[in-house]
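Each of the two complexes below includes chain A, the first together with chain B, the second together with chain C.
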Partner chain A sequence: MATDTFDVIVIGAGHNGLVCSNYLSRAGLKVLVLEAAAQAGGACITRSFSEGFAVSACAHSVSQLHPDIVGDLGLESLGLQYAVKNLKTIALSEDGNHLSILGERVEGAQLSDSDRQAYGIFYNRTKRFAAVLANLAGKCPPRLVEGGLTEKLSLFKLGLDIRMLGKTEMREFMRIATINIFDVLEEQFENPLLKGAISFDAVLGAHMGPRSPNTVLAYIHRQMGSLFGFAGPALPQGGMGTVTQAIARAAVANKVDIRYNCPVKEITIDHGRAVGVVLQDGSTYSAAQIVSNADPGTTFKGLVGYPKLDSGFARRVENIRTKSDCAKLHLTLDGLPEFTGSSDAGQRMLIAPDAAYVERAFNHSKYGEYSSAPAMEILIPSVHDASLAPQGKHVMSIIVQYAPFMLRTGWDTQSKQAFTNIIVQRLARYAPNLPGLIIDSELLTPQDIEQEFRITGGHWHHCELALDQIAMMRPVYGATRYSTPIEGLYLCGAGCHPGGNVMGMAGKNSAAAIIKGRST
Partner chain B sequence: MNLKRNVPDHDERMLLNTPFHSRLQKACELNEWEEWKGYKAPVIFTDLAQEYFAMRNSCGVFDLTPMTKYKIEGPDATAYLDKLMTRNMTKQRVGQVLYVIWCDDEGQVLDDGTIFRLTDKRYRLCSAGRHMDWLQCTAPGFDVEIIDETAEVAALAVQGPTSCNILQGLGWDGLENLKPFNITHFQFGETPITVSRTGFTGDLGYELWMPPHCAEAFWDKLMEAGKDRGIMPIGSRALDMVRIEAGFLQAGVDFVHAETTVRSGRTRSPFELGFGWLVHFDKAHFNGRKALYQEKTQGSPHQFVKLDVAGNRPAEHAFIYNKHKKAVGSVTSAVWSPITKTNIAFASLETPWGEAGTELYAEIYFLRELKWTREMVKCSIVEEAAYNPVHRRAVPARCL
Partner chain C sequence: MKKYDAIVIGAGHNGLTTAAYLAKSGLDVLVLEKNPYIGGATVTRELYPDWKYSNCSYVCSLLRPELSRDLELYKHGLQVIPYVGSTTFTRDGDYFGGYDDHARLYRELSRFSVRDANAYDRYSADVSKQTRLIRPFLLRTPADPTSFKPGDIGELLYLAKTVYSMSERQLHDTLRFWTMSIAEFLDEYFETDVIKAHLAGSGIIGTALGVNSPGTAYVLLHHYMGDVDGTVGAWGFARGGMGAVSDAIQSAFLAYGGTVRTDAEVSRVIVKNGKTTGVVLHNGDDLYADTIVSALDPKRTFLDIMDANDLPEDVVSKAQNFKIRGSSGKLNIALDGLPSFNGLAKNSRLMVGDMHFIDSLERMERAYDDWKNGSWSLDPYVDMLIPSQIDPTMAPEGKHMMSVFVQYAPPTLASGAWTDTDRESFGKTVIDQISQYSPDFKDLILHAEIRTPQDIERETGLTEGNIFMGELTFDQLFFNRPFPGYGQYRGPLGGMYMCSSGTHPGGGVMAAPGANAAREILRDLKRPNIVPSAYPDD
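This part shows the complex of A and B:
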């Protein structure tokens, strides 16, 4: 049926798939994007869930969108506007004595001078470390062995970046990069709210507690946002879908052919080379290069299939850590809740009163249970954006940790209701009038996220961001640097370097690798 | 004081006995045993030369129960094996045996073996090493079940020019018509026995696969049937001689199982072992395909050769030199072949020193009246196995 011919087929119109196709088409390639969902955006969309309300269904704030992408694609002129930028992080305290953080500034909660000073040092130090990652994020990671000259230079540059931190800083980088955030916080701070807030940011989206290895790395990864111009998170006007709509518009303007409701069933492989795709409905498309925005698990296990991959590689794919503990709760409210001791419910609020609280919350998920006292990130975007809720009403978007992907008793309406109750009761400790305001609620467990967004395990980053799964090892040996063991098949999603969040660099770097792949 | 306890002596190895053990023990006059995959296996029964000549002139019986055996069964068994093996497995008929090798992702040989297609959906894989991990690792995506049946199948190799006649003596009429690498079934009383015309000796010979409960009775019957035709149990040492004569490589000796190597450059690809003919690119995906295709187009670092070594001293473990006196490889197996009167060696050489016609020397050390002596002995590369008699392949089998 398909008579059109394309140079490249991109599977998935998540923000990375769209960014990738933009750059590909700007290089003169004819690009077809096939998206399973009815709209663009993947995990970065705005949708309704209750009459008259809309919410950012998965990702709910922008804190890492790369300025190059905004500039290159002209997203601002294509509709990307923020309702608010640089939200403060308010670490909530039950007694109303909250802590407020923005950039290197922190105040409230009877913070000691030494803590304030220590935080400034910590913030700037992790920002310098993040700059090393940010540099690396802007390009294809170097090959570990047998690289060409450019890669050797790139590896050298990475070494140099680390070295340029200075002797003391380099030593500190090497020291803390591999330990856990809990120990680092114990060394440097006293205030429990401060430690709670930092530790929360170090475990967000991961199957980790503050005492887990890789949490410092995760925190530094998150800090990259500060280098991309986000001292605090920003809320796009109209929700997160605004970002991906703008990228999709740019793509269409660049003559990318985007087709929705087109779930790909299979990548066609001929003698080790990807030559096309088969859709769920049986229609086929061919192209010399196929790019997958889907996560590595979906791509290799689902679309390629283990029989077509070497056994050792298949085993490594199977062992990629994709376990998510991150749930999303959406509440529609008949008014603005009042948080004890706070007059500004429009900021980013955290329930993470201390690091041990977060660790204890994590403990449950290790054994297939949801937290009895969960940690949360709370946004009420309708405070800044009237388009999301009817006048006088509000929509609340909460990231909740921890809710294991595999709940021991199984996720069903009953367990979801029980967990929703736990969350609401916890919220009521901080905003006593909240329960009375709730009109409607929607809980997305990791399983729901997997279902709705087609992300294996429902994982924030498609697969865990950890030392063994980053940079030139991401997502897995054999499929690094956007290429795969199948010739002509590439990856461009969050599962690649430099990882998830609405950033766009995976898509951009991947496009560069694909363009390079065509010339060789 | 009697301290006798029901535990082994501290230096005694706890080895399994095969179902034939009572008979092996009785016959093993030298009491010389070795460990073979956890089993106790005889090295020599009475006399190496006798055992060797039994296999070449009459009939040797070798207990191969310890050989690893996997049952591979399921609707996708063929597709599964086709991915596992470098060979095109879709062409194997029911009742046929194939020699196979399989590789890791890098196209390096993990092991070799024989695969028996017993029914449409059921196979038996026999190999030197244990591979459950890799077999399981290859299974995702296929509807197939893999079971280690090593202990459930007792096996004997009955090899040599009189083997067919001896087995006919058990009432197995028509055995002579069984073609090489084919399978048939016979009865032993109530018990079915699977018979394949296969072996590791390069001679006429059969391998018999039976349930362990009939092992001892069968052994007795076989020995009785063969007593006028020179039947004799043989140990691993004699088998090693004949398999080198026949040109058969032994895993773990002539190449290292890729997954057990520690140092880089010690593994070998099929091309580097002379198994290029077993690699079929024109089929569905198989492990190591990409790496092997690249190697095929770009060339291999090593070559495997059969050597005819001057003199009569086996060139065991010898370095091989080129004419510039540069070491270019070493011998992996060597034997003086009594029947062909040649001095045979297998060697793994750096490319291109394994090309036919290359001038090579083996460095052979030997002790002569308490004095070590070194000799540089000329060797030439030969294409054919030293021993390859017509009766090995003849159908109907030649009966003596």
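This part shows the complex of A and C:
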């Protein structure tokens, strides 16, 4: 029987849960973190699936980790080192005439001068728009109409930020923020590879195709990374687990009590107030505040239970869009694959030859099928990081779109093998020697991701990043701004503003909201 | 040489509305129309003796009552007959009947799912809440959010007042509704495929989006915000076909002393010292006026009849990027008698309403995928009506006129422009689909007019045949319509105005863009405003 008393219990030691507990304990609170798995990290971990090899199991690169968090928690001195930073994005072409993108620079693939120029303009424009989001990402978003004076000022500041873009840019922002990337690309570019690469970045992790409205918003959201010091993705030395391990070390140094193998079964509610948790083994813990790093579905449906919630709120939670079409394929390789026309397999490579290709790949997922010609993001982290694979061997990590959560025929060994074959055949068009190098493979479908990382729907942002589910609307009315309809229960995961992508701001903002809540 | 006070280019319903208000205000107004007849896409044509084709727009609801009463259109011959009921046939031989009678509808919904029947009232209430929000804005000029002018700030305050009249919760619901897809919206209420398919149609009609595309819930709203005789969301037939609407507006315009010239296609707008001063016709005539109003869509206006050298650079690129995508086709079919439909009695009240032949959201979405691939939908969504059942003026006695609106058909095919063979195959696809649900339909066909987006463009001048003169997506709505910075009916040059469906509040036979444009013109001419405001408590 646990007898320790805590001020705050954080459910889940994902990166946001750990960031949140760090800030809480720095404010003098006694914090307990309960993690179901045997290690910290949630969906940001390094693990092995084949002997001698290790891989970043879910998230596989850092592109948005907020510098404030790195600085505040001193992560660099606690082991966070990058094997490589600012990877180029190589948009692969079957004929080897690839396109290479880094920051505002783009070259290759017989790119016309007008495209190169247009890309620079596009990059800098979306970066300016991202700055508006980034300002908002650093704080608890204001209520729209029912807020107090500070919130009204905060809204006013947001309006001002948009207005300060200048008349032309403000108009452009309001024009493109709600629409689809496909149309914007058609307006501005000619090169199909360039359009393919940008459209892929706009749909990454989402149940959206390039023609789906909201994709421009998703692209701008991703562009926030460029303001946080990532012109391209970075690979932590030792895989993504290094990031969360460092945050966990900071937490321990801050006297946070982290307990592993402690899956929470339910949140105890007493007279409408969250007062503690019950673990699956029956042990109980109590605290004045409970913070859930789990996604809203898991939190409200699983840990609280709909019967304890207002039916209108339960319905809203049930309607949160969490459809994910994103699968992950890990391959262990007997050597480095040779990509036609490229000597640098260490960069971030995309298979998205044009925007229509990505849209066609998306079509399947609408009907519960996996793409017959999928779009992919490929990393071979072992090129930069020898700790991940034995000498001379390599590990490849691939994000594959689209694979629906609910496959019409059901996900089983057979369908997973069939989809793996499709992916490998597609890869072989770009790296003909790849199939011969494969030692072992592991496919994580959204269902596998849901199971392993306990994320409803396997969605890596927990909830789709779309206009109706961002900022003060995220994740759902009644549970915005980190608080919930249950007094004393808070959220701190990617399902909160400003979303996922190993940024950490949801956890930081949540801690601020909790501390503020305690003082009033 | 005679100089007019104003010249309106295009005698569609919006052009005529602007002209009518300017003439009513006492101005000398000339309307120029390229075709030998007026109406644009709001037209009735007698392509065969005694057969009347509403060959583009085919039903009436959005026409603002404030305008039709103010212009006394009913005195000028307009009659709108409400129709009730709608049907979606299912592949298993059954159908879902959307009755107008509440109890009957509840029973019908329950036949498929009691849960859905119970959800329906909640659905209706939620949609009508959004409808009530938007209706007061239809007859207002959108504010320019980047401007600091008192008028714009006043208009922004009006918007803010509307927003602040809502609770946080209502506002969340509204923002969600405006940005979500019709499929997701319906999924939140209903579980039955055919019911969802039945209701989703209004979310895609006329737009190059699929039921799963965010933004389609707004398109549904656009089809729900009208009324017939005060019944919000109801639709009706204009007696004598949709041309009756344009004819009545023209009649009002003529009564106010205006002039219409048909067979008078404008080839160029004359610009002098940064001001529009007149137009040159194809036959070489030149005509002059201080005010030039274009009722053509933004692409036609800025890329066709104006010279790029006369325009600011941004307007040319904005017009080029304006999204106006053809997505709909139309069949008008003359029938030797009333066809029968699976399971429906010929005296069923559902016969009078619209019929649909696609029973799931998946089929609707696949129809859209075909469009994306540059083909017409092989299993198309159609909105089919037989107006001659309640409007005997449309067809000879005992015979019937059928109007079939088809979603989706691309403006050009993957293989290139539409050929006659393509048109025939497209028509056959649609006729075959209907005949699966109506055994005697094919034998009753006397003649059929098949219209691809290309045909609609050629005849009416709507670019790509887009019925709304521009997609109803957020980048092109409200103050962004047609382009950011030009949302107040004023063109980029002095004396130049826009009044087409390409301006706020958009397409459909609404006449609101025309009336709003007239109000702005009168304001600039410092004349009293005679354009009515929205009815209070609307």
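One rule holds in what follows: the second predicted complex is superposed on the first by the 520 of 520 C-alpha atoms of A that agree within 3 Å, B and C clash if a C-alpha of one lies under 4 Å from a C-alpha of the other, contacts with A are read in each partner's own complex, and residues count from 1 in each chain.
Heads up, the rule we're going with is that contacts are C-beta pairs under 8 Å (C-beta built on N, C-alpha and C of every residue); 3 or more make two chains touch, one makes a residue touch a chain.
Every value quoted in this text rests on a predicted model; they were computed, and no experiment measured them.
*Asks:* Looking at A:473, would you say it contacts chain B, chain C, both, or neither? Reply first, second, both or neither.
*Replies:* Second partner only.
*Asks:* Quick one: is A:363 in contact with chain B, with chain C, with both, or with neither? Answer first, second, both or neither.
*Replies:* After superposing on A, A:363 lies in contact with chain C but is clear of chain B.
*Asks:* Quick check on the superposed pair: does A:190 touch chain B, chain C, both, or neither? Answer first, second, both or neither.
*Replies:* So A:190 meets neither chain B nor chain C here.
*Asks:* Would you sort A:311 into first (chain B), second (chain C), both or neither based on which partner it touches?
*Replies:* A:311: touches chain B, not chain C.
*Asks:* Looking at A:107, would you say it contacts chain B, chain C, both, or neither? Reply first, second, both or neither.
*Replies:* In the superposition, A:107 touches no partner, neither chain B nor chain C.
*Asks:* Touching A:212 in the superposition: chain B (first), chain C (second), both, neither?
*Replies:* Second partner only.
*Asks:* Looking at the overlay, does A:334 come into contact with chain B only (first), chain C only (second), both, or neither?
*Replies:* In the superposition, A:334 contacts neither chain B nor chain C.
*Asks:* Check whether A:269 is in contact with chain B, with chain C, with both or with neither, and answer first, second, both or neither.
*Replies:* first
*Asks:* Do any residues of chain A touch both chain B and chain C, and if so, which are they?
*Replies:* 315, 478
*Asks:* Could you list, by residue number, the parts of chain A that touch chain B in their complex?
*Replies:* 269, 271-272, 301, 305-315, 318, 478, 485, 487
*Asks:* Which positions of chain A touch chain C when the two form their complex?
*Replies:* On the chain A side, the touching residues are 143-146, 163, 167-168, 170-172, 174-176, 178-179, 183, 187, 211-214, 315, 319, 321, 356, 359, 363, 366-367, 466-468, 473, 477-478.
*Asks:* Write out the stretch or stretches of chain B touching chain A in their complex.
*Replies:* Going by the criterion above, the answer is residues 79, 83-84, 104-105, 134, 137-138, 140-142, 281, 284-285, 287-290, 293.
*Asks:* Which stretch or stretches of chain C touch chain A in the complex?
*Replies:* Answer in residue numbers: 145-146, 163-164, 166-169, 171-173, 175-176, 179-180, 184, 187-188, 212-215, 314, 321, 323, 362, 365-366, 369, 372, 473-475, 480, 484-485.
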